[in-house]
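Chain naming follows the written order as A, B, C and D, and within any one chain the residues start at number 1.
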Amino acid sequence: MSVEVFDSPAAAVADIPDGVTILVGGFVSAGTPSNLILALKQTGQSGLTAVANNIGLGDLLDELCEDRQLTRVIATFAIRASGTRSSRFEELYRAGEAELELVPQGTLIERLRAGGAGLGGVLTKTGLGTMMAEGKQTLELDGERWLLERPLRGDVALLKAWRADRQGNLQYRLAGLNFNPVMATAADLVIAEVEEIVEAGVIPPDQVGTPGVYVDRLVRCAPIPVRWDG
Amino acid sequence: MSVEVFDSPAAAVADIPDGVTILVGGFVSAGTPSNLILALKQTGQSGLTAVANNIGLGDLLDELCEDRQLTRVIATFAIRASGTRSSRFEELYRAGEAELELVPQGTLIERLRAGGAGLGGVLTKTGLGTMMAEGKQTLELDGERWLLERPLRGDVALLKAWRADRQGNLQYRLAGLNFNPVMATAADLVIAEVEEIVEAGVIPPDQVGTPGVYVDRLVRCAPIPVRWDG
Amino acid sequence: MIMPDARPPNGLSRELIALRAARELEPGSVVNLGIGLPTLVAGFVEPADGILFQAENGILGYSGISESDFDSDLINAGGQPVDLVAGASFFDTADSFAMIRGGHIDAAVLGGLQVSAAGDLANWYVPARGGGSVGGAMDLAVGARKLIIAMAHVTRDGEPRIVEVCDYPLTAERCVDVIITDLAVIDVSASGLSLRETAPGVSPQEVARWTGAPLIIPPVVAEMSL
Amino acid sequence: MIMPDARPPNGLSRELIALRAARELEPGSVVNLGIGLPTLVAGFVEPADGILFQAENGILGYSGISESDFDSDLINAGGQPVDLVAGASFFDTADSFAMIRGGHIDAAVLGGLQVSAAGDLANWYVPARGGGSVGGAMDLAVGARKLIIAMAHVTRDGEPRIVEVCDYPLTAERCVDVIITDLAVIDVSASGLSLRETAPGVSPQEVARWTGAPLIIPPVVAEMSL
């Protein structure tokens, strides 16, 4: 249960092995663990599967494609409709060097939630009658059709919160929550970058966004502002 | 979307028809809409189904059994193992005048969540191999067995929060959250009793427990302290 | 019926499409705006109408795009900085899509690549490009109580985007309620596509000519008031 | 083997069962305590051990029962008022059971009516009474990484509660890891029930005599240190 505080993002991700699945919190610029993503680039793990809302132009996650560290991406935003400029991921994808599993946003978060909450899946109408339903089980219940979506978990989760206390409790700011609280529940090793680490008790109990029980590693670093251009 | 403020709990529940399903927030003494429950007793609707965590000795919900207003209860705590004293509900239940559907707590909240979140059901291991699985569909997926639990919704939800703003946003205190935030999403008419009503903007956006979009009616009243004895 | 070498009449600008879409929103309703053109809709509602915008990344109650002061944690689903109204709230993605799929969003305005006569929507995948970006579109198409599509009436090549059957991969079946384009406002119902309004200077016959599916033209078709 | 007219030896009090159960908890672990006897466990852990108690109604980090100052919004799952530790947090029931079912609770201590040789648990339904009260027991039995049952070794009528096969309706199959009673500490594994410790003054043979299922008695069985 106890949380470990690391001196640097690089130290916090150094022992992540090649070939694992990494959940990456954040939505475009909000709540994105930029320091941890860049540390992952620096430490150079390869064969990674990334699960994230978005990978595109301006996303730091896209940087991991420069040295072909990502071989598979599960995301909701990946290939833009307009082809004026390509992300590095798009180039890898077109070259057949990286796979893409595109998932509707509401389904991605429910699959992650199921993975963290000990559920075997959820039934949704999202994706019925579309490419997203291909190869998936549908159930008809009381005359209504539903698509069965299975749980998704990561070996590692990289999160960003505003601040943490020494119990590992995380507090988010503004729209920095997004995927972070659910991803915190759905990985074996949870690493969070925060702007500040405070004593236990400083974060009011009703403002804890992620209880410390979910968090394994903390690293304090100045946030890297990101501005998205798709 | 707009929320209506009522002068009294009785006025807030007066037009609830007979025979509807009512979700009742709260967990024993915490976050329990005591004023609204007593108002329901006063206005005298009958043939009601109540969905609540607990109905037992000392629960105000049990008072609705005095005049046989409840004909069906869906709950997690209902009949005590020890029979030294009986609740009114237990008497009705033994007389065959009220039905009981007992549901594991984690399953009850997931069924309510599914009902509010547009999901057709969830797969859980809870209840597998027990009486709770009788008559329910099980799925075997990748060699693991799961129990399919279907959504649950109410016609009405009665909630208790600490305070509300004039947009209907609710803020809870301490362990007063429990079933309230999920039940707020899963009923057609949502009525909340609160200790205070403030202007929009007073509740910080990151401390809103239930966004106003879910809330139809507010009534300000002094909380009734409840002490449970099972 | 369609002449590929001809050009459609001049219709509304993107801004005016957004303005017309804004007029479609009920006072006091909760509305989600898709990326691109729909984002502009927020700029055309009156504060007095009390419309609350929901962003699927976890905000209820932003008022519009705020380019002045960028806080990377305060953005809409398109990554644009936003301002908040009094009474706004934040929540995580799970709660956001519970709100969307659960039917708690009164209306969504999304962009479109194609809409079919049955109200099927295609808006996330360009076959020539592959891969795709779906975001929250499929959940919004399934969950929003009213789905408004704001798009150009034809492609850059002059091909109709309103078609008998979508040949682009679907976002959802039978989900669209209203189509607002540079040329027209078209209602989608079980009986088909029905022309409600035309853009100023555009005739019902011209709309029909650039529409790739049967279009019901009532005896009286109003001109959009903008 | 069982003589209904005989009485079992005097074993531990409820408080000492709770104390022994407390010793079973790892420092720094996250623990859920069931209603009744298990609630007493919170009173027997050392603050220095940093054990965090979770209450399924939505608290992580309560320290113990606080009868002095009743706040109706600050209770455990048994309705008892509690104090918080520094670093506590509140959450709703959905998040609480996500934590429980998702395997994030290191250990749960629950009461029992019957435990079978295979580790099946029955603890929510007394056939003679009907109806039942299940609370979070089924979710905890399925989700907690280690399940400790704290109960009296026999019923008031002297019938064993540890049985070959439960005749009371089950809470969950094959879920129990350790049984702590007034007479013994018994480990449950794939190979069956194994006696680990006896209460002071109670012999392994006496434990076996009041146990309704085969009991493995290793060559050395420790006496509980309390």
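Brief remarks on what is shown
The definition used in the following text is that a contact is a pair of C-beta atoms (placed from the backbone, for glycine too) under 8 Å apart; a residue touches a chain by one contact, two chains touch by 3 or more.
Here the structure is a predicted model, which means the values were calculated and not measured.
Traced through touching neighbours, the fewest hops from chain A to chain B number 1. Centroid analysis (C-alpha atoms only) places D farthest from chain C. One finds 37 Å separating the Cα centroids of chain B and chain C.
Measuring from the averaged C-alpha position of chain C to that of chain D gives a distance of 57 Å. Mean C-alpha positions place chain B and chain D at a centre distance of 29 Å. Across the assembly, chain A contributes 110, 113, 118-119, 124-125, 172-174, 205-206 as residues in contact with two or more other chains. Among the residues of chain C, those in touch with two or more other chains are 90-91, 97, 100-101, 142-143. Chain pairs that touch one another: A-B, A-C, A-D, B-C, B-D. Contact residues of chain B toward chain D in the complex are 27-32, 53, 56, 76-81, 83, 90, 93, 100, 102-107, 109-110, 113, 124-132, 172-182, 209, 223, 225-230. Taken together, the chain B residues at the contact with chain C in this complex read 1-2, 113, 116-119, 165-167, 169, 185-186, 199-201, 203, 205-206, 208, 211-214.
Touching chain B in their complex are the following residues of chain C: 28-30, 50, 52, 54, 60-61, 84-91, 97-104, 106, 142-143. Touching chain B in their complex are the following residues of chain D: 55-59, 70-75, 77-79, 90-94, 97, 100-101, 113, 125-126, 129-139, 142-143, 169-173. By the touch criterion given at the top, residues 110, 114, 118-125, 139, 141, 144, 146, 148, 150, 172-174, 205-207 of chain A touch chain B in their complex.
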